Amino acid sequence: MFVLVNLKAYPCDPIEVATAAADVADDSGVRVAVAPQAAHIEPVAETGVETWAQHISPNGHGSHTGSTLAEAVADAGAVGTMLNHSENRLKLADIDASLAAADRVDLETIVCANNPEQIGAAAALGPDAVAVEPPELIGTGTPVSKADPDIVTGAVDAASRVDGDVDVHCGAGISTGEDIVSASDLGATGVLLASGVAKADDPRAALEDLVEPLN
Amino acid sequence: MFVLVNLKAYPCDPIEVATAAADVADDSGVRVAVAPQAAHIEPVAETGVETWAQHISPNGHGSHTGSTLAEAVADAGAVGTMLNHSENRLKLADIDASLAAADRVDLETIVCANNPEQIGAAAALGPDAVAVEPPELIGTGTPVSKADPDIVTGAVDAASRVDGDVDVHCGAGISTGEDIVSASDLGATGVLLASGVAKADDPRAALEDLVEPLN
Amino acid sequence: MFVLVNLKAYPCDPIEVATAAADVADDSGVRVAVAPQAAHIEPVAETGVETWAQHISPNGHGSHTGSTLAEAVADAGAVGTMLNHSENRLKLADIDASLAAADRVDLETIVCANNPEQIGAAAALGPDAVAVEPPELIGTGTPVSKADPDIVTGAVDAASRVDGDVDVHCGAGISTGEDIVSASDLGATGVLLASGVAKADDPRAALEDLVEPLN
Amino acid sequence: MFVLVNLKAYPCDPIEVATAAADVADDSGVRVAVAPQAAHIEPVAETGVETWAQHISPNGHGSHTGSTLAEAVADAGAVGTMLNHSENRLKLADIDASLAAADRVDLETIVCANNPEQIGAAAALGPDAVAVEPPELIGTGTPVSKADPDIVTGAVDAASRVDGDVDVHCGAGISTGEDIVSASDLGATGVLLASGVAKADDPRAALEDLVEPLN
C-alpha cells in the first residue's frame, strides 16, 4: 500500500510531519509520502521523505506568472503530483495537459475524482493512478471504505475497464490502519489521507498506528 | 450524418440561419440542428429547427445566479446541448454534473474534446456523443478530416474502447459537403460546424451545398 | 426605489412572476424589474415587465461558444444586467470588459460586491449602480439593512468617495416593504431580492406587500 | 524606484538571477526584488535577495489542497506578493481576500491591472501598490512608458483619486534603465520587469544596466 499524506493548507509543521513520515517509512517498510504546500517542497524533500506536489499547472516554461511549473516542483524535490483534488478541480483539458507536464519531468501522477464515472474518465487520460474521494466524506473521519465500499469497488472496476495499468487509490475519511486494510481489501493499492495525520497532536504516533496493521 | 451548426457569438441573424436550416433539413432529409445563444433559443426553436444549447451549467434549481439551467434551456425549446467546447472548457466534475443535469430534462448531449485521450475520458462519462475538435483547426477552413484524419480515427477508437454506445462527431474547419463525407468515411456520425454557415453571405446556400453530397 | 427581482435558477414560473411584477409596477408606480434565466429573457420581456439579465460575458461578437453575449440579451429584450453576483463572481478584468460590453448595447448595469472595499472597487469601474450583498445573509430572510446597517452606509460612503454618480443598491435577506424602507433610509436607491418573491406561494401578493410602504 | 524582477515560469536559473539581484541591490542602493516560482522561494530567499511571491491564494489555513497559502510563502522567506497579474487574473472578491491573507503575515502587496479604471478599482481595495501593465505590451521590449505614457499618468491619477497612499508601479516592455527613468518621470515609483532580465544571457549585466541611470 502507498500512503500519501496531504498537508493541504493546514497549520501543521511540515518538517515535523515529513521527518516522522520518513522515519515511519524506514521503520515499517511501508511507502509513505508527504504532499506539502509548493513553497515547502524543498525543505520537506530535504528530510528525505518521498515528497509530492499537491498540484501542478498545465503549462510549460514561459510567461505564466503564478503558475506551479512541473519543472519547478521537480527541481525542488517533488517526485509526484496530485491533480484534480476535490478542493482544486481542474478542467478536463488541463488535467490532460498537466499529465503531459508531469511526464516531462518524470513526476508520478495521481488524478483524483468523485465517483466511478469520473474515475473512468481520469483513467482514460493515462495517469499512474487515480484516487476516488467522495467529497462529502473528506475530513469526516468516516472512511470511504466503510461508508461507501461500493464506490471503491466501482472505481476499481471503472479504471480497469479503461486501462488495466492504472492503480486505484482511495481517500476521504481515512484515519486508521484498519481503514487502510479495508481499502486494500476492496482493491485499492494506496490511500490519501490528510487531517488524520496533519491535525494529529502527535503525527508520528498517528503514522505509526496507520502503518502498524500493514506489516 | 448529424450536422450541428454552432452560432457561437457570431453577428449573424439566428432566425435567418434557423429558418434555412429547418428548410434544408426538411428538403434533404439530413438531420440539421442549430445551437444559438441561450437568449435566442426560444425564437430559434419557434422556427421549427432542431435547437441545441451551446452549454448548460452543472447546477440544478436553486441559488445559482447567472447559470444556464438545463430546465430553462429545455423549457425554451432546446433538445440537446454541447458541453466542454474548446471555447468553454469545463472542469471534469462539471462535465459529469452537467451530463446529469441534461439527463434530468432529456437533453441529448455532445461532449467536445481536443484529442483521442480526452475523447476517451469524455466517453467514460456516458454522453450521447463526443466530438473531437483540434483547437488549432477551428475557424481555419481546413477540415480536421483532411488536416489530421488520424485524430478522427483515433477518437473513434478511443470512444469505442471505453463505451461502444457513444457516437463520435468531429468538428473544426468543416465547411463543405465533401468534408462531411470524409468525416463519415473516417467513422464520424456527425459534424460540428460554425463559421462556414454562420458567417456565409448566404447561409441557406451554404447549408444546401453542405448536405448535397449526403443524399 | 428600484426593486430588482432576481429569479436565479429557481423553479418558479418566470412568466407568472413577470406578469405580476409588470402589473404591480403599473399600479404602484414603483420601478420593478425581473432578472430571469437568459433562455427566458424573451418571453419575460414580452410580458411588458422591465427585464434584466443575471449576467453577461465580457466578450463581443466572435468565437465564444457558451458565452452570454450582451447583444443577444439586449436583442431578446433585456435593458440591464447584473454583474459579479456572489453566486457568479467575476475576475476584475472581466467586470471591466463586461461593463464595456453592456455599454455597446446600452444595458444598464449593477455590479454586486461583498463589502464596502469591493463596492469602492466596483464603483471605480463606472457602472450605473453597485449593490452590496453580504453573502452570509443571502436567502436568510434577515435583511442586510437590519442585520448589518453599517455595511449599507459603508457602501454608500465608499461608492460616493470614488464616484458620486454611481447609485448604491443593497440586497441579501430583503423580503418586506419595511426592509426596503430601511434600505432607503440608509442611502440605498434600490434593492435586489430573490427568494422572497420567487419562492413565494403568491408572488403577486408578495410584490404588492413589498411596494405598499413605498407609496 | 523599486525594481521587481518577475521570473514567471521562465527556464532561467532562479538562484543565479537572485544572487545577481542581491549583489546589484547592495552595490547600487536600488531596491531590487525577485519573484520566483513558489517552489523556489526558499532557496531564492536564502541568497539574501528581497523575495516576492508571484501570487497567493485567498484562503487561510484549512482544507485547500493546491492553494498557495500566504503563511507558507511567508514562512519560506517571501516578504511581498504580486496579485492579479495579467497572466493570472483573479476575481474581484479573491483579490480582496488575498490582500487580507497577505495582511495576516505582513506581506507587501502589488495588485496588477490593465488600465486606469481597473487601477482605480485595485487601489480601492487598499494594497500597498498597484501596477499598470497593458497586456499587449508584455514581453514586447516596447516600454509602456514610451508606447503609452498616458496609461501610466492615467493610472497615477486614478489611484491618487481613490487612495493617495497607494504607490503606482508600471510594467510591460521595460528592459532598460532609461525605461525606468521615463516611468519615474511619469509618476511611477516602481517597475515590474521579467524577460529583460530572466531571459538575458547575462542577468547580472542586464540588472547593472537597468539600475545604472538611477544613481
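Which chain is which? They are A, B, C and D, in the order written, and residues in each are numbered from 1.
One rule holds for everything that comes next: contacts are C-beta pairs under 8 Å (C-beta built on N, C-alpha and C of every residue); 3 or more make two chains touch, one makes a residue touch a chain.
Please read all numbers here as calculations on a predicted model, not as lab measurements.
The chains in contact with chain A and with chain D alike: there are none. Over half of the residue numbers at the chain B-chain C interface are used by both copies of the sequence. The rotation relating chain C to chain D, fitted on Cα atoms, comes to 180°, given as a multiple of 5.
In whole angstrom, the spacing between the mean C-alpha positions of chain C and chain D is 36. Centre-to-centre separation between chain A and chain C, using Cα means, comes to 43 Å. Chain B and chain C have Cα centroids separated by 33 Å. Multi-chain contact residues, meaning those touching two or more other chains, occur in chain B at positions 86. For chain B in complex with chain C, the residues that touch the partner chain are 6, 8-11, 36-43, 53-55, 57, 59-69, 71-73, 75-76, 78, 82, 85-88, 138-139, 194-195. Those residues of chain B lying in contact with chain A across their complex are 84, 86, 89-96, 113-115, 117-118, 120-126, 158, 161-162.
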